[in-house]
Each structure stands twice: as C-alpha cells, then as structure tokens.
Amino acid sequence: MSLISFLDYASVFVFALTGALVASRQQLDIVGFAFVACLTAVGGGTVRDVLLDRNPIFWIAQPTYIGVACGAALLVFLTAHLFESRLKTLIWLDSFALAVAVPAGTGVALALDQPILVVVLMGTITGCMGGLLRDVVLDDVPLVLKQGELYVTAAFAGATAAAFARPYFADPLPALVLCASVTWALRAGSLAFGWRLPAYKSRPPRV
Amino acid sequence: MSLISFLDYASVFVFALTGALVASRQQLDIVGFAFVACLTAVGGGTVRDVLLDRNPIFWIAQPTYIGVACGAALLVFLTAHLFESRLKTLIWLDSFALAVAVPAGTGVALALDQPILVVVLMGTITGCMGGLLRDVVLDDVPLVLKQGELYVTAAFAGATAAAFARPYFADPLPALVLCASVTWALRAGSLAFGWRLPAYKSRPPRV
Amino acid sequence: MSLISFLDYASVFVFALTGALVASRQQLDIVGFAFVACLTAVGGGTVRDVLLDRNPIFWIAQPTYIGVACGAALLVFLTAHLFESRLKTLIWLDSFALAVAVPAGTGVALALDQPILVVVLMGTITGCMGGLLRDVVLDDVPLVLKQGELYVTAAFAGATAAAFARPYFADPLPALVLCASVTWALRAGSLAFGWRLPAYKSRPPRV
C-alpha cells in the first residue's frame, strides 16, 4: 500500500469516527451514522479529486474506503455511550483526522507536480472540506470556522510546510510527516492552550 | 426514450414539485420557485454524473430537463394554495421522488458496470442528494436526516435490492421496478406506520 | 488578457471583498477572512467549470486568482472598521460582483457553443453560486434567496439578454456589456427602489 493510500485510509477512518459522533449527538439510527460518517470521511478527498479531475474518484476506484467508514460508524454506534464527553472526544478526534487528511491532500497534489500554491490549497481543502460538509449538513457545532481557534490556519501551515520541504528530500515521506506534525501541533495548541491569530474586532468608525 | 431517461424525467418532475413547495413555504417569487425546483430536481443526478465523470452532465446534454423542472415550478406557483397542508403534500411527494430517483441513479451505475458497492452508493446518493441540497440551502424542514424516519435507509435498501436482483434478469426493468417498490414501501411505511430502525440514545456513562 | 479572464479576475476580486466582509461580521481571523474570500470568489466559477468539464479548473490553471482573492481579504481585514455600515457595503458590493460574475459565466458557455438554455443557466449559476456558498457556510444574511428581492432574477435576465444579443455582433463584448448592465440595473433597482416580482402568498384553501 502506498503512503498516500495509507494516509487516505487513516483519514477516512478518523473522520468517519467524528461524523458518527456528530450523528450520535443528533440521535440518528445506524444508517444515519453510516451516511454522515461516509460524507465526512470521503467529502474532502472527493472535492480534491473532482477539482484535480482525478478519475475515478478514490472511493469509486477502491470501494473498501466506504467499508472502512461504515466500520467506524458501527464502532461509534456501539461504543459512544462509553465516553464521558462526546463533544470533547469529537473535537480531539477531529484534530487527528485533520492532521492525516492534510498530508493526504498535499501528497496527491505533489505527486501530480502541481504548482506550489495549488499543492497548499489542495492540502487545506482536503483537510477542511470533510468537516465543513459535516457541520453544514448536520447543523452541529461548526469546528472549521469557529471564531478564535486555529483550524484552516493549522491545515494551511501544515500544507505550506510540506510544499516547501518536499524538494529537499528524495522521498515524499519526510515532507508529509512534517505536514502532519505542524498541522496537529497548531490545532492541538489552539485547543489546549488557546493559541490563536488576532481576530478582526468591530470598532466604532473613525470620527 | 430509454428507461433511464424516463426515470430521470420522472424524478426531475416530482423533485421539482417538492422544491417549489418548499419555495412556497418561504414565499419566494416565481424565479425563486424555478431556482429551488431546478436545484432539487437535478442536484442528485448532477452529483452522480460528476462523481462518475459522465460527460456532459445529463441536463447539459438535454436541457429539456430544465424545462420540465420549470414547468413543475410554475404548476406549484399557480396551485399551491389549493392544498390544505403543503407540508403533508411535500412529504408525500418527496417519497415518490425518492422512489424514482433511486432507480435512476442505480440504473446509470449498473449500465456502467460499476462494482456492486458503487452501484448501491450511486442509487443512494442520487436519491438523497437533491433533497439534501434543498434542505441545506433553504433551511426548511430537513427530511433526509430527520431522526426516527427511514429515508437514507429506504434509498439504500432499494438500491441494494436492485443490485442483487439485476444478474437474474436479461433486462434492467425488473430490477429497477423492484428498487422503486422497496424504496417507496419503506419510506411510506415509515411515514404512515412509524417504521424505524433503533436510534442511538444517549445513556449515562457506565460506572 | 482575454475578456473572459478580465471578467473572471474582476468578479473574483469583488466577490472576495464580500466574503471578507461577511468574515468580518463573524469576527474571524485573517486566515478565516482569506478562506471565506476564496470560497466566495471562486465558488461560482468552480461549479461552472466542473459542470462544463473544463480542465483544469480556472484557478488551478492560474493560481494568481487565489492571490487576488487573498489580497482582497487582507484589504478588508485592514479597512473594514472604516465603513459605517458593513452590511450596506456588503449588499452593494455583492451587486457589483453579481454583475461581473454573470457575464463571466455566460461568456465561457457562449465560447463553448453551448445551447442557449445552457448558456443562460451557466451565467446564472456562476453569478449566484459563490454568494450561495458563502451564505450557506457562514450562516449569515442570505442574499441570494432573500424574499422580495431580485437576485437570481437579475442574473437570469442578464444572462438571457446576452444569449439573445450574441448572434447580432461579431465580437462577444457588446453582449457581455449588455449582460452586466441588465443584471446590475435589476439588482440595484431592487435594492434602491424595491423592484420585485409578485411573490407567492399563502392563502386559505378555497371552500
């Protein structure tokens, strides 16, 4: 299994867990769990493949991705009641999913020799789009654009790090590991220590 | 006219009626009716065609689909006030739309000799995506993921039935009729008799 | 630079301004500004390119579009506090963005010799989809389907005017100027003078 496939599988699995957790907060049935898990899990990669015109889409080429997402949905359906706080679990799982999805998107664009800005955008989009679809469709806590947290920023920084590091190594592995680390460190630092960028504040108009 | 075209036209017409009914609940003007009707009517099939890389998209190849959707919008604009309960009309019309859209999606994927899991997913996506787009864009009653009702489940069961029945017949017709029947029976049973799958219930964490 | 490129750049810039203004109303950070600005700015054109199967997508072929959108986001981040009413600024900017995006979409479809209905739809979709994505993702004031205002109608009328005028001129320019004028005049007239189409009103059922 190639490195990109491994990253795709890992990100599908972890994002599916987060989708299923959101489904559990909405008290859906098992098919609802599977539906939301699949949407979240393959959403980002599907947008990436459609934009880059990769055919067939990754989960149509290898439908086992869908099996993995459904397995994750079943796992959450059976065990979600064991977690003391599903919201906290959701937020932290989502940070790991982001940290594998960003290198998955970045790696695909690097392998296609896209210009650096496209590489960075594909990493960011692949990372953020699954969670964004989940939040828009389910109307639950929006994690991606939550005010005062690093999310898109973490994805963007990770993808940028990978794009710049790539030329210094023969193999893509170090750049993608760097990408995952930067992404997760920034997202986790934001969650744990409140790291943030200065936000826009409304001010009274100048006199 | 091929069977798939007929199913596409029928599903476009009925989904357009549901989109226009939602527009009437939001008191939009006639162009708003047409816009929401088109979005709902061709949304599911468009996502199917983009994912399967069918070119051109079905309603670009045959723009009469758009004419059908606009006709449905006009019909609802002129007659919606005749219905005693537009919500009830909407929900039941939507069940018929689902029952024709699922075989339309399933039939396309079967004709392209996709693996069985992709066939099932395309049927489910084609059926559910139009209604999902309508509900997300208009922020009206979300039918697709409403708790305690069979919707995705009905689509999934219908598509699965068709995928398994297909090899036993020379012609695709019986499998697609079976698909429509299973989908509609489950959705209607859920609406009329409260059929449902066990839903996830939050429970206190084990001690 | 071709006329279509110019229209694409102009519409990207002005739609990016509107996206960033919405981000400022939600008090996001600079990366949030850039993300929403890019989504709004390239959303409509991306949907157009995916539906028409144009490869590569316009902003993948020329990533400078993204640079333009990010520049617009930075500009708003630094200056938004100078505006007395950001909502009013947003609404009027959005009307200009619409008036350049509709001819951008129409021009592409005309250049591809699409049938007239597809030309009109591509103009309408390119114009409306960016603002629709912005409003759905950010849950802010929805401009596109706001009751009692011309928006989709303005886009549709502008695209229709261009499609019918095109055969009378050797060059696409007059048709696209007409398209922009009709679109903006209807949208601005709706905002300034309350022009509207009759909306559907719920009435009691006939006895």
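Chains: A, B and C, in written order; residue numbering restarts at 1 for each.
Everything that follows uses one rule, which is that contacts are C-beta pairs under 8 Å (C-beta built on N, C-alpha and C of every residue); 3 or more make two chains touch, one makes a residue touch a chain.
Here the structure is a predicted model, which means the values were calculated and not measured.
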item: Same-residue or different-residue interface between subunit A and subunit B, half as cut-off; value: different
item: Cα superposition of subunit A on its sequence copy subunit C - rotation in ° rounded to nearest 5; value: 120
item: Separation of subunit A from subunit B, taking each centre as the mean of its C-alpha atoms, in whole Å; value: 29
item: Set of subunit A residues in contact with two or more other chains; value: 50, 136
item: Subunit C residues touching subunit A - in the complex, by the definition given at the top; value: 23-24, 26-33, 35-36, 38, 46, 50, 55-57, 60, 63, 66-67, 77, 80-84, 136-138
item: Touch list for subunit A against partner subunit C, complex; value: 50-53, 114-115, 117-118, 121, 124, 128, 132, 136, 145, 147-148, 150, 152-153, 156, 196-203, 205-206
